[in-house]
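Notes to accompany the following structure.
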Amino acid sequence: MTGLRVEGLTKSYGGVRAVDDATVTFQHGRINALIGPNGSGKTTFFNCVTGMVKPDAGTVTYHGRDITGRPAHKIAHAGIGRSFQLCRVFPRLTAVENLLAAVRPGSVLRALAPARRKSDVDRAMALLTRVGIEHLAEVEARDLSYGQQKLLELAGVLMAEPDTILLDEPAGGVNPALVERIGELVRSLNAEGRTFLIVEHNMDVVMSLSDHVVVFDRGRPIASGPPDAVRADPLVLAAYLGG
Amino acid sequence: MKAVGLVVLAAFLVAFPSLASDPFVLSVGVVIASYAVLATGWNFVGGFTGYISLGHAAYSGLGGYATGLLILRAGLNPWVALVVGALVVAVLAVPVGIAALRVRGASFVIVSIAVVLVLLLVFQSWGSVTGGSDGLRVPRPFDADVLRPEQHQRFFHLHAVLLGVMLLCWWVIDRSRFGMGLKAIREDEDKARSLGVPTVRYKLAAFVVSAFFTALGGGLYALWFGFLDPIFQFSILVGSNMVLMSLLGGVRSLFGPLVGAVVVGYATEFSKAQYGDTQLHLVAMGVLLAVVVLFLPDGIIPALRGLVARLRPGQASIREVTQEELVRR
Amino acid sequence: MSLVFQSLVLGVLMGGLYALLAAGLTLYFGVMRVVMIAHAAFLVLAAYLAWAFTVGTGLDPMLSLVVTVPLFFAVGVGVQRLLVARLRPATMTMMSVLLTFAVALAVEGALGLVFTGTHRRLPLSYAGARLELFGASVALVKLIAFGLAVVTLAGLHVLLKVTRFGQALRATMQHREAARLLGVDTDRVAGYGFGLGLATAAVGGTALALDATIYPSLHWAWIGPLMAIIVVGGLGSVGGAAIAALLLGVGQNLLQLPLGTTWAQTFFYAALFVTLILRPQGFFGGRLAQRF
Amino acid sequence: MDIAHGLRIGALGATVALLVSGCFGGRPAEGGAGGDGPIRVGVSLPLTGDFSEPGKGVQRGYEAWAKHVYENGGLLGRQVELIVLDDQSNADRVAADYEKLINSDGVDLVFGPFSTRLVIPAAQVARDYGFLFVEPAGAAREVFEQGFDNLFYAAPAIAQDHYDHLAEAITAMPEATRPKTAAYAAMDDPFAQGTANGLKEKLAAAGIRTVVDEVYPPNTTDFGSIAAKIADSRADVVVGGTQYQDAVNLIVALRQLNYQPKLAAFSTAPTNPEFPKAIGAQTEGILSPTGYTPEADYPSNKEFVDFYAREHGAAPTEDEANAWTTGQVVAAAVTAAGCADPSKECQRKMIDWLHANEVRTVVGPLRWDSAGRPQGAHLIQQYVGGEIRIVLPAEAKEAELVYPKPAW
């Protein structure tokens, strides 16, 4: 039982079912995409999986372990990392501090050890180098451009060493060159064995990047499969055009 | 350079009592030192986590009462009572913290205010233990032959030592992994959670440490002042003073609350001596707080630092952009 | 038995005033996610204006509403536009508490400057008048205050439920971004929401002045109970706040019988803590509180 | 962290050192050692904040006294200069004020502040510097249980004894008409509560049952429930341990419930000139203890009333009288000791003299026990025919006690 499995997940807000009895399986070790019209429950689904909100019903298992409704940090410790829609970084911390914040202290005593331990800083710098913003390591995140913040957020997620990464619109609001770069990063990280689950509106990105696509409509999956097959599915077309 | 500054500061703290022209100036020094201790105590939770407590008077007041009651009712040595009292307050802060920190922002502030108000009611009503509205006289920790000016001097140094210990703790946390986690919570709590920071535990730890130090400050002040009255101990104004001082100096700076305490404490004395008998001090405090919140949200120290960086030629650093951006907002 | 009934009636009457004021607080929170600490200070300000009006003109304090309600509405819009709107959205909730706290201090100080610390009470010819109501004795002034609260709350309800502006306001309270997408000018609506909130303080202040002495630092006595009410009711829920206000008002009055005045006051805070432990989003409210 | 940061802090500290030691120095202690300059008298009073109303009354009394001394040739041939600071109704401030008066302003004498809650911290400072501390307002029992040997209360009786004459009068009533039950409501304040408790103890000892005993916090504005309890008990006597606004609210709330006691007594409030305006015609029969009446025929009182009326166009109230009394007591001690300077010897001489002697004041002759408790009792006043008149004790009465009181 490897990877992430979601069964019967339900979450409603004031009578509106944002996620409605959703059962989804993802291909572990691959790049999965989650698509669907606005308001189809993708972000709520993310929030339920990562423990940001408690689902009303259903189960989420990871590597066979039930993680439903566990605190977000525990889910992070289990190996699931995520980014946020519209990009969230710690604005008044420097780039390198943004990464150091994701280091797990281990024990109470070690929590009081200096955050800038050489090995951690080296690892952070390596990640910043990998996303290409190492020259901005000591700049506060709020002074970075939007694209740089997106890269920083991704590096921060990686710092926590997840093996499954949920990205909420990684290509949203950034220029084509950067979209390309993020795509390459995702591919190379995937090649190293990390599983991805991506919510994305940019169909070109979805089609070129993903191995497996799940389509959401009104809080539940209506289709899944390889990108080409999904693209031709009449249900999907109806949801997008008729919704 | 930094070391030189610290040495100068330490030398000043040691020498201040002999520089003071009379015992009144010395007593003002004790009051300002106490402000600095309380504001720095507040800043363990306010500065690191960004949770603004308007009710920290609860912990200074509890610290004062715990110290006084342990001396009077349990017969403890005053200094033992001070520490034990602060530990008791720290333990009491755990359930309060759990209730307050379960929820974000608005509810936290509401709880912090409610705690002060409820303690005021309890300490007024439970007269058989707390002395109620008659107040509680805290015995002197020193012999009767230690005259008042000598007392001021000793208490000034005691406050300075406590402040030093607190600043050291703050500094250690500031550069630690724990501190990094707290700052992450301050900047974006959900994001911090998603990165694996155990936010509830971290916030609670910071809250309890803050309550502990604030209680020590309150206890030390009670030993000096010698009299506790619930309406003055559990007062929202006392708590809001801590907020104003910390915010004014800069909540993200080690010395921010200290600087804020000196500025506010000095300004209070000065304006009282100059302008005396009006309700204007409330208006002035309100306006000052509003100005800080609206225009100086990072406090004096970062603002001055930014200004210095700007004036220095050839230092067209990234921080200038920050300043301009702030203005544009 | 009759004492219990008497307390029940008094509790309901007091709860009415609480409900009105809590409605104002809920409006601010709904439109801007602002906990308006200065609400009670404005309440006292309105009470002083009613007092000054009656002492100055000899007319009934109720007539002062003609001036204070529009005035407070305008001040509310001003506070939102000139002060609250300047705060950064990221730190809005925390900083707005401090900002409105600062406003409260300034209002209290200004009241002390203008009216001095002397305790004032409206000289009313009908201050001691009473009605018998099913065996309970009800003061006329309390009944008038309750009536004012009920009428205002009803008006507010109609405004929110029926008018276009009300719809826009409710949409803004529920989801600001979505409301903006639907074409609502949320900034303007937020300003008006503030104005409406402060207008409830004007009405409440006049009601308060009918049956209590007033002094500048009185607002502290109101802040705690009001804060407890809006949390118990669920932040941002007008109906929840009204129900919580009535329940807590009645509860406090009944508890005074066995516990005495001081301990009964702790009821509000006990309810607040129980709410946060058991149901942080409030007992009657919507989902806003979960996130704030 | 900036490198220069620490240095800047250091520089700031040094600047502050200079400012602090330079600016609060105030005036040096001129004329300290019994010179020919004026005698400087320091007072801290709550001129703003919650206690400001009575605080201002005390200030008027002190100022009138100082002016009167000035016009009559001074003390020991020296003029008197008052230095009044505002403590903002705050205990921390009141202590700082006396610290300042004694150390920076170099006063020769101090007078006490207003309100029991402020007297203890202030008296502590005075005691630590060996100063005589005569105070016009700290009447609660606890003030005298703190071991202050420098403290004297300048009024006839402590709070617990204020109703002594009333208690005697009630217990002396014939069995048939004597009230059987009593209801008490007191503000949670050492003074206000003290007055009600004093009467409660005495009436309970005489067999008058306590049916309601309520204590409310000082910020209470809604008295509906307390009044409901009292009305429900149908107590024969209602006693309010009140200050001002609470008494007005309580009376209105009681009237709203149509509760008609045979006897109603409230401390402090009814002696306030604003009281009849606030209550209207329904004041008739309300009782109140007072330490002072302008009509009293003590020798210095007429002088005081005339002087005060000339200055302010109105008769003095209890606050002004207590302040004036404080002045008289200190003046007597100064005259007897033959000195007025801050030295320990002089202050000790004055303290010792007051412990051993009686002082004739506008509130009558005063003498104190070793803790500074005055040994007299308060007069009892009642609204009779729209005027507040003394009804007890018999030897001082201006009108007969009206019992049972008319309906309100």
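As written, the chains take the letters A, B, C and D, and residue 1 is the first residue of each chain.
The rule is simple: a residue touches a chain if its C-beta (ideal position, glycine included) is under 8 Å from a C-beta of that chain, and two chains touch if they have at least 3 such contacts.
Note that the structure is a prediction, hence the values are computed from the model and not measured.
Traced through touching neighbours, the fewest hops from chain A to chain B number 1.
Distances from each chain's CA mean to the overall CA mean are smallest for chain B.
Set against the Cα centre of chain B, the chain with the most distant centre is A.
For this pair, chain C with chain D, the centres built from the Cα atoms lie 37 Å apart. Averaging C-alpha coordinates per chain places the centre of chain A 44 Å away from that of chain C.
Separation between the centroids of chain B and chain C, computed from CA atoms only, is 31 Å. Shown for chain B are the residues in touch with two or more other chains, namely 121, 124-125, 278-279, 281. For chain A, the set of residues that touch two or more other chains comprises 91.
In chain D, 48-49, 188, 215, 217 are the positions where the chain touches two or more neighbouring chains simultaneously. The residues of chain C lying in touch with chain B in their complex are 29, 33, 35, 83, 86-88, 91, 93-95, 97-99, 101-113, 117, 216, 220, 223-224, 227-228, 230-231, 235, 260, 262-263, 265-266, 268-269, 272-273, 276-277, 280, 289, 291-292. Here chain D touches chain C in the complex through residues 48-53, 188, 214-217, 219-222, 224-226, 228-229, 231-232, 244-245, 248-249, 252-253, 255-258, 277-278, 280, 282, 408, going by the rule given at the top.
Those residues of chain B whose C-beta lies close enough to touch chain D in the complex are 1-9, 12-13, 15-16, 19-25, 27-29, 31, 121, 124-125, 132-135, 137, 147-148, 225-227, 229, 231-232, 254-255, 258-259, 262, 266, 269-270, 272-273, 276-279, 281, 301, 304-305, 308. Chain A contributes residues 50-52, 71-73, 76-77, 81-82, 84, 88-93, 97, 100-105, 110-116, 139-140, 142-143, 156-157, 159-160 to its touches with chain B in the complex. Note for the complex: chain C touches chain D at residues 2-3, 6-7, 10, 13-14, 112, 116-119, 121, 123, 127-130, 137-139, 141-142, 211-213, 215, 217-218, 220-221, 253, 256-257, 260-262, 264-265.
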